[in-house]
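Pasting the structures here.
After this come two complexes, each holding subunit A, first together with subunit B and then together with subunit C.
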Partner chain A sequence: MSNFFDTLSVLILFSSFILMANKMTKSYIKTFRIQSMLLALAVGSMAIKSIIEEGRFDVLVVCLLIIILKVIYIPNLLNKAYAKAEYKVEKDFILNIPILVLVCCGLVVFCYFCLSTIDGINDGVINVQVVNSISVILIGLFFMISRKKAIGQIIGFLVIENGIFITAMFSTQGMPFIVDMGIFIDMLTAVMILGIMVFKINEEFDSIDIDKLNNLKG
Partner chain B sequence: MKILLYIVIQLFVIMMVAPLLNGIIKKIKALSQKRKGAPIFQMYFDLYKLCKKSSVVSDVSSWVFKVTPYIVFATAIAAALLVPVSTMIAPEQLPGDIIMFVSILALGRFFMMIAALDTASTFGGMGSSREALISSLTEPSILVSLFTVGLISKSTSLLQIMNVMKDKGVPLVHPVYIMIFFALLTIIIAETSRIPVDDPSTHLELTMVHEAMILEYSGRHLALMEYGAAIKQLTFITLLVNILIPHDQLIALTGISAVMLSLTIYLIKVIGVCIIIAIAEVSTVKLKLFSIPNLAALSFILSVLGFLQYFVLGGRYV
Partner chain C sequence: MGIFLVSVPVIAVLMFILFKNSRIQHIISLVASSLSIIIAVYLTRNVMLFHSVSYSAWGGIFYIDYLSIIVLDIVLLISLIVSIYSIGYMETEIKHGKIDRSRLSLYYILMYSFIFTMVLALTVKNMGIMWIAIEGTTLSSAFLVGFYNDKCSLEAAWKYVIICSVGIAIAMLGIIFLHLSSIGVLESQQFLDWTALYDNAKSLKSPIVKLAFIFILIGFGTKTGLAPMHTWLPDAHSQAPSPISALLSGVLLNSAMYGIIRAVAIVNRNLGSSIYTGRLLIALGILSIFTAAICILAQKDYKRLLAYSSIEHMGIIAVGIGIFTPLSIFGALLHMINHSLTKSMLFLTSGNILQKYDTKQISKIKGALKLLPVSGIVFLLGLFAIAGMPPFSVFASEFNIIVSIFVAKRFFVGSAFILLLAIIFAGIAVNLFKIFYGNNQEEDLQRGETNIPGTVAIVVLLVVITITGLFIPNELKDLITQAQNIIIGM
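Let's look at the complex of A and B:
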């Protein structure tokens, strides 16, 4: 069972690497959807475990919420918002893609060395799941930095959120229900507000390049 | 004595099976396009026909051009001998290891590239520059993934690695091995010039890589080049299936029946990987040449992640 969770955490980490290597708007959304599916699979198997061992049903509710929100609702919302945006392929990054991917690999190593100095996680033995999921958060942050268009920033934000969620899940085996709900509602509002803002920016400037917002400064 | 038997069986299996794989992949592609396609054994007929024909050699070419087909074929065979098709027939000690395996293949590729430059045709130069790009991008990935399994089994000999992996049961449930599996699969696609990297079925000057290098060859020489490429492909697939999907621990028999059973399971695994490659080839489009570094970076990251998982786990579960 531990092997299964290890493998899932590595796959979630690798899906964020795939996201980093992509440059099509559609593949951003598709990769995010796949990552959320893997997340739902991990949380779902934890839910089954907690039902059998402790009789708790709240993790199952969280899993269903992930499937409804992150796998179905948010990707569809983003797809709809970006169907009208003019660009399909992102062209300018801060660095080229292979270097971005290698920097991400450096982030994973960094995470590994940082966590190895913390006592208390599994009695000094480094927990591979925690390393992988904290790396997902850092890669999400780096993804936000490396992309100049608004869609990249939204996807980066969602990946950070996925990373935080999976870190919490792997280190606590299911948080209190009210905390999960709080995170979800937070994220949902954020994404909806971002979607509306992007729509407005697009209407106003005929583009969603955030560099153009500098024009507002006069 | 046993090493002689090993060489005979290994050569027989490799040389008989290698052209079959191209036939299977082409058949699956044809079926997916609702065509009937060539028969599975077409490549054997092609090789037979090409061997009967004399080859045309350009007047301006040097000895490199003539000697290259033999070197490519010989290096492919030599590399194939380092990767046992079944651990049942392998002797206790097998000369050569993973570094030698990679460098032998690099030698063949080097001669292929300079032979393509030798005739001074424009296509040859273009093909060899592209091949140099692709091979230099995939080599780190293959070395890191092979070194990871080497570190786990504490040996660089391929036979020793296979013997250690046999005791693991089903390695693919483990994160280290699943990463290396996908990394090697990507490498196979890049090394055997399959679709996301190169298109084996076109002769369009903008896209071809491997075809551009062997464009000047004809007759016997062409047959040797194509046979060499097919053997190289089978060797890589053997490496993948025998290291990461071991099967010899399931066989309780001994003697000749065990060898036969082991080879049968090996064939089934190889054909399974062929089907995966064919599906990948059907369902993707060819990448732009300058997008290949992105794919190679992903493949490298897969192998490095596997390597890192090995260190993070500290060899505890591995």
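Let's look at the complex of A and C:
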């Protein structure tokens, strides 16, 4: 079982590398959907394990919520926002893609070294799952600063959320149920608010380029 | 009865959705905030009698002790004053054509959801739910920051949501690590329970607790406005409607600071000393005061100047918590109260000035003392108060913290602290005092106040901060001492 989760965590990490290498906003959304599917797979297997071993069904509910929200609803919402706020400039990133991917590799190595010095997380052997999932968070943060468009920032935020979720899953076998639910509600509201703001920014500024938000200084 | 405290804002929101008449909405808002104050007085009395209040409903998540009651009282007191002030302010905004009358109900709905999330954050003992509520404060106030829907306010709102949500997500990671450190120590129904974590703090795994603290400090520190994560704060405070700026600065920052204080209490108890948390908090605190000092010196917009002053005062509180002696914690908690009252008074007064002159530029305002006889004087005295002049209360708490720094033999920190405070005093004096004198070139501005009830509320605040600067009532002293004992762990 632990091999299976190791593989999944590597796949989720790999999907965030793919996200970093994407050029088009449309493919960001697709990659995010794939990552959420992998996340749902991980949580789903965890759910089956907990039903068999302890008879708890709450992890299964969390898994279903991930499928409904992160795999279906939020990507559709973002696709809609993208379709309405159309723009032409395609070059969206600050550095070129090979450099961005190299920096991501650096982040994973950094994570590995940092976590290897902390005892308690790893009992003798380095816990690869936690290293991978924290790397996903860092890559999400880096994705946010490497993209100029508003939707890129929203996707970065969602990837950070995904990363935090799998960190919780892999390191602590899940947070208390009520906390998980609360996180979902918060995340959903956040994405909806950001979606509405993308529309408003598009109306006011005639584009969703974040570089144009530079009126407030000092 | 205490549980009703959480439900009052919820009921108020439902009423705002049902009743669209603006006169009725003003009345609902006043009634809701006065009711909350009454419940708060009752809760304060109970906490003083029984040390803590907890209810068995909802799996026993409601828990109020000395520390939370102090912050909770500030929240509710300032909400009452803001709700009194909002009536006049929003009516004037509608009259000037800044907003439609139909948006008034949106304003109240968002404001009371904002208050609800803050009250929730302060009344639960589960760190996870506290996190959810603090993230909720960002979401419910996002559209309040962007309420005017113009370029600047949208930009401020976007920065606010993105920076704070990411910051808070990092705090979640910290809470996950805190949870991880407690596995094997706590029972499954006690997970993330603050009291259980605190009682068993000695048996948590120290390396993970240390890691957790860094993430929590960065996460909640973003929301508190500690430099270098402060960049959303001046934008949001300057673009929001003035009553909301008062809530953001006076209340929201404290709620986030409360999260940090809760974490500090656990970590220090676990590590057995305050060196680790102290170094981090003092470094961030001094950096915040430094950033604020530089930006205040070169500021051209008075609402931004007040926002930078909030960063400064959060830095002062962080330094106070970082020193971690009984005296410094006492000073920090007292400073929390004093800063909230003084800063919300200043933001509300700046709302009066903004409505009179219709500009945020300092250079375009002249003769404020003549045009706004009451607000002008209050603003002038309030600026002296926030800069730390006696006899106002901010002086008392700052003095406490400075003394505690030197008693703890941190001479370098103390000297830097005093030097930066002096620079800030000079910055405020140089920049802002010129708005009070001179004659206004534009003749069409009329003399006199527009928002009479709001101005009365502001004057009441001024009286309160002057009196508490001269002497602190014994009850308040008791409350703060008990809260300080909770943090230090006696």
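Heads up, the rule we're going with is that the second predicted complex is superposed on the first by the 209 of 218 C-alpha atoms of A that agree within 3 Å, B and C clash if a C-alpha of one lies under 4 Å from a C-alpha of the other, contacts with A are read in each partner's own complex, and residues count from 1 in each chain.
Rule of thumb we're sticking to: a contact is a pair of C-beta atoms (placed from the backbone, for glycine too) under 8 Å apart; a residue touches a chain by one contact, two chains touch by 3 or more.
The structure presented is a predicted model; accordingly, all values stated were derived computationally and were not measured.
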| item | value |
| --- | --- |
| Clash or fit (per the criteria above) of subunit B with subunit C on subunit A | fit |
| In the superposition, subunit B vs subunit C on subunit A residues touched | C |
| Touched partner set for A:Leu138, first subunit B, second subunit C, both or neither | neither |
| First, second, both or neither for A:Ile201, with subunit B first and subunit C second | second |
| Partner chain(s) touched by A:Val43 [first = subunit B, second = subunit C, both, neither] | neither |
| First, second, both or neither for A:Ile160, with subunit B first and subunit C second | second |
| First (subunit B), second (subunit C), both or neither touched by A:Cys105 | first |
| Subunit B versus subunit C as contact partner of A:Ile29, first or second or both or neither | neither |
| Touching partner for A:Leu69 - first (subunit B), second (subunit C), both, neither | neither |
| Subunit C versus subunit B - closest C-alpha approach in the superposed model, Å | 19 |
| Subunit C - residues contacting subunit A, complex | 59, 126, 128-129, 131-132, 135-136, 138-139, 142-143, 146, 149-152, 154-159, 161-162, 165-166, 169, 172-173, 176-177, 179-181, 183, 191-192, 205-208, 211, 234-235, 238-239, 295, 298-301, 304 |
| Touch list for subunit A against partner subunit B, complex | 2-4, 6-7, 9-11, 13-14, 17-18, 21, 97-98, 101-102, 104-105, 108-109, 112, 125-126, 128, 131 |
| Partner subunit C, residues of subunit A touching it in the complex | 118-121, 134, 137, 141, 144, 150, 153, 157, 160-161, 164, 167-168, 171-172, 175-176, 178-179, 182-183, 185-186, 189-190, 193-194, 197, 200-201, 204-205, 210, 213-216, 218 |
| Complex interface listing, subunit B residues touching subunit A | 173-175, 178-179, 293-298, 301-302, 304-305, 308-309, 311-314, 316-317 |
